[in-house]
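Pasting a structure below so you can have a look.
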Amino acid sequence: MSLGITIVSHVPEIAAGLPKLLKQVAADVPLTYAGGTDDGDIGTSMEKINQAFDDNSADEILAFYDLGSAKMNLEMAQEMSEKTIHLYDTALIESAYTAASLLQAGVSLKDVEEQLKPLKVK
Amino acid sequence: MSLGITIVSHVPEIAAGLPKLLKQVAADVPLTYAGGTDDGDIGTSMEKINQAFDDNSADEILAFYDLGSAKMNLEMAQEMSEKTIHLYDTALIESAYTAASLLQAGVSLKDVEEQLKPLKVK
Amino acid sequence: MTMALTVDNLIEWINNFSQKVNEHKDYLSELDTPIGDGDHGNNMARGVNAVQESLTNKKPAELTDAFKQVAMALISKVGGASGPLYGTAFLEMAKKSKDTTDLGELFTAANEGVKKRGGAKVGDKTMVDVFEPLAEKLTQGLLEQSEIDEAVEGTKDLVAKKGRASYLGERSVGHLDPGAMSSGYLFSALIETEGIL
Amino acid sequence: MTMALTVDNLIEWINNFSQKVNEHKDYLSELDTPIGDGDHGNNMARGVNAVQESLTNKKPAELTDAFKQVAMALISKVGGASGPLYGTAFLEMAKKSKDTTDLGELFTAANEGVKKRGGAKVGDKTMVDVFEPLAEKLTQGLLEQSEIDEAVEGTKDLVAKKGRASYLGERSVGHLDPGAMSSGYLFSALIETEGIL
């Protein structure tokens, strides 16, 4: 069972930029992202999130988001996806970075989640 | 005494993208950012941070950052700046968004800081 | 004596709603400015225009399909929090429409969906403050414009607990909730649709 | 009998350091891979090359200027956490060099600066684990390569408490700290500089 990460942000640049930070410490962790609305404006898109889940080579995904409305689209995509999607209400950048470093080091999902707990901010 | 925000990220795209999210809710709050190293690689640059402080039209600045090494460069820039710089060890995106909405609504620094407290994650 | 919901009057209802949203687009965005990001009118207009395009391109054969088409267009095109929320409302109506055409029951299901999706309850200064009391009125066969106005106006004095406005806490008091206003249009559009109620 | 620190042997020392960093660039980045982001060698190489350029372009007249030029080049060019840390170390030496040329005192000041800048203490698996014991050895006039090796090697069994490696917690054990290694080169370069100790 492989574990991957999906980043969801209202801003296309943030969604595309964060994986660059994560790649540095997690070259082997499958990373995908969804940023902005269908038209590339500020917002989120359930379809883009769906696509990011599909494009991720892992079959179990840790998903991180910025603001509340992203979470609603994430949950709709989660309900539609065949993959197991874990959603975290944690600080986007900080928790994605933590998860990426730990997954790269081969840490189990349970232990990753333990380290994400103090990063819950929403 | 006007209040502004400066965003510091290791990734140029994140630094440039986050203000787009903030501008939506805080059109009148002075916002500047510093992202990446001098060469535009992943990292931070004290000089870029300095410049972001200078370019900010406010004379008192709330500064937010992503990872620990950004904080060190921020502190060096803070020591060199003539402005009053407040540094927060809070979730970058979430706390910058909170601060921006509140400053736009005319909330005092003290009250903003009160609302930032639960967002401390580093 | 409630008259029947049909594909035709559903489309008319949705067209009425679209017209109101487009007419009041700037007002909805204005309401969203002090306590949000100022895009609710643009979001909703983008959404309802996509809905109209969808219903025109492919006229639904069944009520369930009609509700689904509305939901999918809103989910795809709105972009803001109101997208998954209105989308969920119409998806729940689509599901429920397999068993009933009663608008009270349909809106009760829609309201439950919105509450589950967004985690808001009555009093949180959201569209739930319009959906919940008016679903009740529909069930009682008592929906009137004055009730709609009252529900929308009632959000003014509330402290926002969900969505972007919640960041402002107490400072959100004194402003109408934009999503409550657009929801008000959805119910008004119902009243203005001949033979649906 | 400590010999004097001069602008000339300071430059020679820094040149020796630069050479070591460039020589072991890939090794430093390799050390940074399992417990960091794999860039420490590149960061330090970029930094020391900028230092050499600065010292060549403008030969400093005074020790204080020399330390300052080194600091500023590192601060500008390193890019990672090690930039402000080494930068602070050399800035503190610049300040201290107004009062003394004693390397023990200079490195004690440098170590205090690094600790203050990064918040690390001995045992946190950082460059402080090299700076602090070796500043002490310098003060006692007892700096030797074996002491340097021991300090660097000692970071292997530690749990990282600061910097990127700290995200891995217990899993950082078994790996040398890259910043400790590059700091080791700084002290080795000192030993290899004629007449400075």
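Which chain is which? They are A, B, C and D, in the order written, and residues in each are numbered from 1.
In this text, a residue touches a chain if its C-beta (ideal position, glycine included) is under 8 Å from a C-beta of that chain, and two chains touch if they have at least 3 such contacts.
Remember, predicted model here, so these are calculated numbers, not experimental data.
J.: Given the contact rule stated at the top, which pair of chains has the most C-beta pairs in contact?
T.: A-B
J.: For chain D, which other chain has the most distant CA centre?
T.: Following the centroid criterion, the farthest chain would be C.
J.: CA centre of chain C versus CA centre of chain D: separation in Å?
T.: The computed centroid separation for chain C versus chain D comes out at 63 Å.
J.: With chain centres taken as the means of their Cα atoms, state the distance from chain A to chain D in Å.
T.: Distance between chain centres: 37 Å.
J.: So how far apart, in whole Å, are chain A and chain C when each is placed at the average of its C-alpha atoms?
T.: Each chain reduced to its C-alpha mean, chain A and chain C end up 30 Å apart.
J.: Find the geometric centre of each of chain A and chain B from their Cα atoms only, then give the gap between the two centres in Å, rounded to an integer.
T.: Centre-to-centre distance between chain A and chain B: 24 Å.
J.: Quick check on chain B: which residues sit in contact with 2+ other chains?
T.: In chain B, residues 24, 42, 67, 97 touch at least two other chains, as defined above.
J.: Which residue numbers or ranges of chain D touch two or more of the other chains?
T.: 37, 39, 164, in rising order.
J.: Hey, which chains are touching each other here?
T.: A-B, A-C, A-D, B-C, B-D
J.: Help me check something: in the complex, which residues belonging to chain B touch chain D?
T.: 37-39, 41-47, 67-69, 72-73, 75-76
J.: Touching chain C in the complex: which residues of chain B?
T.: It is residues 24-25, 97-98, 101-102, 105, 107, 115 of chain B that touch chain C.
J.: Once bound in the complex, which stretches of chain C touch chain B?
T.: Residue list for chain C touching chain B: 34, 36-39, 164, 167-169, 171.
J.: Which bits of chain A are touching chain B when the two form their complex?
T.: Per the touch definition, chain A meets chain B at residues 9-14, 16-18, 20-21, 24, 42, 66-67, 91-94, 97, 118-119, 121-122.
J.: Would you tell me which residues of chain D are touching chain B in their complex?
T.: By the definition above, chain D touches chain B via 37, 39, 43, 75-77, 79-81, 83-85, 87-88, 117-118, 162-164.
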